[in-house]
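One structure below.
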Amino acid sequence: MASNQIMFILFAAMIIVFSVLTVTSRKILRAAVYLLFVLVSTSGLYFMLNYQFLAAVQLTLYAGGIVVLIIFSILLTSHISQKFESSGWKKNVFSAIAAITGAILSIITILDYKFSATTEAAKEVDMRLIGKSLLSVDYDGYVLPFEVISVLLLATMVAAIVIAKKSGPAKTQSPTLNQE
Amino acid sequence: MINFSYTIWILLLPFLMFLLLGLAGHKYFPKLSGLIGTGGLAVITVLSYITAFKYFFTSEKVEGAYQKITAFNITWLQLTDKLHIDLGVLLDPISVMMLVMITTVSLMVHIYSLGYMKGEKGFERFFAFLSLFSFSMLGLVLATNIFQMYIFWELVGVSSFLLIGFYYQKPSAVRASKKAFIVTRFADLGFLIGILILSFNTRTFDFITLTDPAGAAIAQGGGIAFMGLSVMTWSMIFVFMGGVGKSAMFPFHIWLPDAMEGPTPVSALIHAATMVVAGVYLVARMFPIYAFSAPAALDVVAYVGAFSSLFAAVIACTQTDIKRVLAYSTMSQIGYMMLALGVSGYGGHAGLGYMASMFHLFTHAMFKALLFLGAGAIIHAVHTNYMTEMGGLRKYLPITHMTFLIACLTIAGIPPLSGFFSKDEILAAAFHNNKLLFAVEYAVAGLTAFYMFRLYFSIFWGKDTHYHHTPHEAPATMTIPLIVLAIGSVFTGLIPFNELVTSDGKVFETELELIVAIPSVLIGLLGIGIAFVMYRKESEIPDKLAATFKYGYKWAYNKFYMDELYLFVTNKIIFRYISEPVAWFDRHIVDGTMNAIASVTQNVSFRIRGFQSGQLQKYAFVFVTGAIMLAILFIYLWK
Amino acid sequence: MDILTLFVVIPVLTITGILFLKDTRHVRLVSAFGMGLQLLLAAVLVFLYLSARHAGNTAEMLFIKDYLWFKSLNIHYAVGVDGISVAMIALTSLVLFAGIFASWEIEYLRKEFFISLILLSSGVFGFFISIDLFTMFLFYELAVIPMYLLIGIWGTGPKEYSAMKLTLMLMGGSALLLVGLLGIYFNSSPDGNLLTFNILEISKVVIPLPAQRLFFPLTFVGFGVLGALFPFHTWSPDGHASAPTAVSMLHAGVLMKLGGYGAFRVAIFLMPEAASELSWIFIILTSISVIYGAFGAIAQKDLKYINAYSSVSHCGLVLFAVLMMNKTAMDGAILQMISHGLITALFFALIGMLYGRTHTRMINEMGGLMKVIPFLSVCYVIAGLASLGLPGLSGFVAEMTIFVGAFQHPELFYRIVTILAVSSIVITAVYILRVVAILLLGPTTNEHFDHLTDAKWFEKISVVTLIGSVAAIGLAPFWLSTMIGTSLQPIVDRIIALNPF
Amino acid sequence: MNTGIPIQYFLILATIMFFTGVYGFLTRRNLITILMSVELILNSVNINFLAFNRYLYPNKLEGMFFSLFVIAVAAAEVAVAIAIIINIYRRFTTINVEDVNEMKF
Amino acid sequence: MSLGTFLVMRHELLLIASALLVLMAEIFWNPDKKRYISLFSVILFGVITIVGFLPSPIGSLFGGMYETSGTRLLMKNILNIGALLVFIQSVTWLKKEENSEKISEYFILLISTLAGMNFMISAGHFLMFYIGIELATIPIAALAAFDRYKNKSAEAGIKLILSSALSSGILLYGLSLIYGTTGTFYFNEVAALFGNNNLQILGFIFFFAGMAFKISIVPFHLWTADVYEGSPVNITSYLSVISKGAAVFILIIILFTVFPVIIATWQKTIYVTAILTMTIGNLFAIRQQNLKRFLAFSSISQAGYILLGFIGGNQLGMASVIYYILVYIFSNLGAFGVVIAISNATGKENMDDYNGLYHTNPKLSLIMTLALFSLAGIPPVAGFFGKFFLFTAAAQKGYYLLVLIAVLNTIISLYYYLLVVKAMFINKGETPIEKFRSDFPTRFALGICVAGIVVTGFASIIFEVIKNLSFGV
């Protein structure tokens, strides 16, 4: 068994185990930490696939940014040690059936398919290429999405402001922040 | 060729009078309307007489036969290429004979009504309806084709309905008019079906074409057989059904006695003299087809006629309402006419029955109208219809008494009054063709004499009844018609019908057949005698007899429970067991289904509301499973 | 502007006029004026039509105007009339005219009432002048929908339920119809020419038989729902019972005729082969309608219900005759549509007037009205007699034409069924006389009735118009029958050419 | 460097992760954990993109760029979602998804 | 970037620019001038709408990532009209005190979502499509939660954002499979490389599910009602008309241009979902009391009818879909306009509150009736023509049974539309909504809607233009 296989199995096992833990753990902060592990393992896979740039982005943006955001919000809204009750067994069973059916369906269909690789030469993924592609206006160039995503982020910012912004007097319902 | 086209005015005049009186009479000349109506009818009568004279005495005969003359004809409605409804005037012996008869009686009744109806509310309405009736009846007899006849057939029905229900605030009158209309309407259904079948086979409505013995309609024979009888026979039986209804033959007779709820002049005109004989006229009109193409139907005519006459005569013996007695008598006499047609053949002496029937129709109109008008005068005088409440009226009502007596004698067939001749011909015709029917009619002749004189004696003799106020003789407007009709009853028997009105239009020889005539006179006298014994004075014999034949009497008195049977059919069967279930079915099944569709939709809508539970995760669950299901479906199951 | 389009334009102008009126008192005057104009126009149309025919114009449709509307689907605004549509237009104008006067005393939301009523009528007129299936369908639905408001707002009794039921069932019919029309459209050109909605053009081709088998029932039932075909008639009793007078008049008098007219002009004319193949099914249904409606009427106690069931019976006769597919029967069907339209409108007008006085429609609560309100009562009797087919009034002419025509059918089955249908005339007599006897005759049963007043002038206008027309047709049916018959000839020719018996 | 690991392994891994995320979405009661499940889903998709890109179509970088943008969008989504969640917390004093159902049927 | 590029992309660029302008105004204007922001935004957007109609070059940019054509321009213009109406209808609502601080944000977010939709419609590449769709969704979630002090609004926001996150996850998974089997995201290349194998169909179905979520096709519709009910009315109308319309547009473009190979599959998919959508939408709508929720279910069933235009894959189908969306914009905005006006004036949103509305506010009732009749497809208003063409399109390909089911469904829908009409005209209200006079923007917007409802049907030129710009598979 080659080292990369071992690494893959390691990462895969981590991803699967921690994913499952993320969605089953009864302590919310732990779940967040498990999610972090999943994301880190995923970036490991990216490294394996030779997408170092993306792995880095994954680590910084996802593991660094999003998970932190989530943890903050957890801290804002929950008690850290609070164990929440598991949901009803019915819900779990049906959801599990649905998820497993979906997974089996997808896996069977995937296994059924004969993938064929392109015959063209592979491109080396270096930063220069990524930068060029990102700013290219030609075929296989990504400047437009890049620009649009900036609009998206701007809009997101405004959106977050809209939600958070206090404006005008409360009319119908008084805020009922729980000051415990 | 004589121009008869003016005869259209015989039809148009009464119609215009109806419109005039109906639309404007109430407002502008309520008092005058009687005179206007009577005057108009007098004109028509004159026209009719002129026509009759010209037709019988000046028009050319072809091969010794009176021709059928289409005096006027327009296409009213084109149905198919060949079938079209025409309106027109057809003159032939029977129609001209009817013309004379109808206008005469009608004029008398009009005059009579001037007195009888004086001061009644709706005086102008009465005359308007009478005009409508005259129009319809004349249209019926003058019809050039069977569909025109049907049209006017319906119209006489409706005028009869209107006149029976003249006293529309009287519930019994309303009921009677309704009954008359519906019963005859049911019979007319048969007539219509008959017309449909007939016209489908012969492709024509026209009488001349239809009844031409050498024509295609008859030549093609009976057509294919259907349920054992030829199609033609079926159609003629159906047509006859119309006649049965209108002429109050068994089993559609039940409306006639009730129709006596109408004003008495109406009973005289419509329910004695004219409309009720329309059935006879119809058979006579179609006679060649009956005779050649549908002899089986003709037998039906004969037996129905005979049975009805017997049936009615028996009932008449037990009734106490004088108008009802007369009504049953009418039915019985019409039975005679039907029978005569039924036993008749076509042409020459074989057509004796035909001639006799028409003859009797004519004479009967006179004496029966007379009887009714007389009865009207009596009722006018004593304000009751029941002979049990009358008696000894000969002192108060001399003219009425005399004329009534003449009429009774006439109907009893006492020579030399007209009834004797016509009835004798019928009996003779029956005698030659069917001994059984002859026997029946012979008995009926006796019964007739009996119940007529039972009536006569009960009214004019019998006990001395005490009246609230002294009865007095009717005014001249009422007595003059009585006298005129009495004269008619006496002398019309002398008209040589065998020369004028015969089945093929040709003259044939008849003679008094003593072998028939003498016994018939004898049995008539016997009937009178029995009546004399029983009702000349107050006696207990009738009650005893009634007690002896308890059940028979009771059945006859209750008209053999025919009314109850009909009530049962209409109320129970049609209303309770058909209409109400239909209405229920419609409400609960048909409509219920529609409502059920709606409520099921609502219900489903309510049941599935759980999907929209407000739970985000359930939504997601549906989303995911939906996607997976679609994928499974379209990848593996239904590719 | 061509004369036919005027029939839609005048109602629209009248509505506009009403909209701008400040004073609601003038609404009815404007309506009466507009609809009077419409009646006049109808008369002019009849005259123009007859003179054109007289001058030898033998085209199937006259006064054709054709404007391309939706080019890509070849939808046209196409109008044209033949004798049948002219007759129907005349009928509509008459009933509408009478209807305006019958609703003279509407107080509540008067403006809206007249607007809805006239809007409905513009749909009806549009339907009759259309020769393009699309516009026809458009006008058809346009005619149905104001009904909801008319019944719902101005109705009586369970009006909301009835209005909803009526609207939904009729729209259900039009749903089937829509599919049928689309089917016709996509089969309108078997040889690959431009698809068309134009009836005249479609009639020049033969729709493939499998398509006919599929779309004939849809179309026929679609129209049949409006024509009260059993078992889709149940909207009719409730709807009519709840509707205000003029609406009942217009609905039973005219709108139900859209069903018969459409069944004949679209379903049978365009798909004669399937029609003849499947006619036995519908013949059975329609004869059930005829008999069943009549029996249903006997058991009813509410005047409007009686009349509604009677309409089921009489309209059943229309479809029945249409399905016999010969000229006479079809002629009778059209006559019956007109005759029944007038008679039933008359009935509903009278019922409305009686109701306005007695405040009940239950026959057993009324009695002896003849004495108190003779004019209305006599008119009611006339209406009744017309309805039961008294010669001299229009009902007789129509029914006899139908019966004689239907009886000419070469197959025995159809003739036997005809006899069944004929028997309805007796049942009709039973329920009509029952009503007349209970309602009008006899002694007055309720002392409140002793002080009722007879018809007012506007009521008289309404009633006399209708009675006059009924009598006119009944006395002189020849010109009308011929006008219809001539126009039927090409249709019947086509049917016979495709269905050699 | 990835010899010996068939692409299917990656795909199966991603699929399992995807449906684990779905399972989490369907069962977790806390809105934030639901959000975390969404992250799992998006990550699994990214794995797919990258595996396909690397194994089958290494001549272009479409898969990689797509992943990049998915990450960016995911961040934006999470930001707004968390803002709303906090608002929810203020309104309902809970972020239990089952309690957030004022509107139903 | 040349002028030509600018002209080709003018819709998107102008939108972004105007969003920035509004942002600038918000930042730099004095507080007392801020009340003009509404006016400013509406006028700005009005100009954009007009500019959108000016003739301009079309073509493909960024190596095929951005594509535009007459059809897509038309779609954008239609959306612009709708959005403009929504903007105008919002003015009154934004004047309320509790919203006064967030006016510019409101417009920025709406404009950016619209930009997202325009990008989505112009996408020639799945990445653009994905970003567009997210740009069109995420800010709306924030807008749904706009009413900060209403529980329902927050609930609507969270339901929308989480559901849409799940749906875009599934959509992405589908896209990844499509990418895996074709190796490209460019529409034209995908179309060329697409086969008919299971994995691709799986990818397609997941993709379709994600799109179906936006259009609220059953069974992916459940978020719709709750979100519509909870959101501020203006956002609801925006969601139900503009968002849905945009998604329909891009879906039909993608189906017709990217997936013509598996037309058989998506026809079946649409067949099943269309029936479900119409029926379920109608069945739920029957019982609704809240008008927003009511209109939500009505819009679900409308989506079902719209699918009938998809199924044939024919030019007529696309034309009828686009046309119907246009009609639907006018009709639904008409209905929502009335709801908004009444909600603004009285805060009432329930059907019972509308009892006897005709007697107090006849004009509003008439507009509502007209709009509902148009939605129900009653002549002579535009909805009738719209539905007729949809059904014609389906019938053209022989889907008669489907058409029959659809028309029968319209009867159910007629039932509940009539319920509203009944409430307004027939029912007697115990406490009817009082007579009030709406301000100019509301009346103006409603006037346009009415004109649109009436004219769009009769003016055949509109349909002809659309038809000429449409294409089939």
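Brief remarks on what is shown
Just so it is clear, A, B, C, D and E label the chains in written order, and each chain counts residues from 1 on its own.
The rule is simple: a residue touches a chain if its C-beta (ideal position, glycine included) is under 8 Å from a C-beta of that chain, and two chains touch if they have at least 3 such contacts.
Keep in mind the model is a prediction, meaning the values are calculated, not measured.
Taken together, chain C and chain D share the touching chains B, E. Touching chain C and chain E at once are the following chains: B. Set against the Cα centre of chain B, the chain with the most distant centre is A. If each chain is reduced to the average of its C-alpha atoms, the one that sits nearest the average of all protein C-alpha atoms is C.
Chains A-D form the pair joined by the most contacting C-beta pairs. Among the remaining chains, the Cα-based centre furthest from that of chain C is the centre of A.
If each chain is reduced to the centroid of its CA atoms, chain B and chain D end up 96 Å from each other. Here the CA centre of chain B is 77 Å from the CA centre of chain E. The distance from the centre of chain A to the centre of chain E, with each centre set as the mean of the Cα atoms, comes to 30 Å. Measuring from the averaged C-alpha position of chain A to that of chain D gives a distance of 5 Å. Across the assembly, chain A contributes residues 91, 94-95, 98-99, 102, 105-106, 109-110, 115, 118, 140, 142, 145, 149, 152, 156, 159-160, 163, 173, 175 that each touch 2 or more other chains. Shown for chain B are the residues in touch with two or more other chains, namely 609, 612, 614, 616-617, 620-621, 624-625, 627, 631, 635.
The set of chain C residues that touch two or more partner chains comprises 168. Contact annotation for chain pairs lists A-B, A-D, A-E, B-C, B-D, B-E, C-E, D-E, with touch applied as defined. By the touch rule above, chain B contacts chain E in their complex via residues 601-602, 604-606, 608-609, 611-612, 614, 616, 618-620, 622-627, 630-631, 633-636, 638-639.
Across the interface of their complex, chain A is touched by residues 617, 621, 624-625, 627-628, 631-632, 635 of chain B.
Chain A contributes residues 105-106, 109-110, 112-113, 115, 118, 136-145, 148-149, 151-152, 154-156, 158-163, 165-175 to its touches with chain E in the complex. Of all residues in chain C, those touching chain E in their complex are 69-73, 75, 134, 137-139, 141-142, 145, 148-149, 152-153, 159-160, 164, 167-168, 171-172, 175-176, 178-179, 182-183, 185-186, 214, 218. Per the touch definition, chain E reaches chain A in the complex via residues 16, 19, 23, 61-66, 96-102, 105-106, 108-109, 112-113, 115-116, 119, 127-128, 131-132, 134-135, 138-139, 141-143, 145-146, 148-151, 157, 177, 180-181, 183, 197-199, 202.
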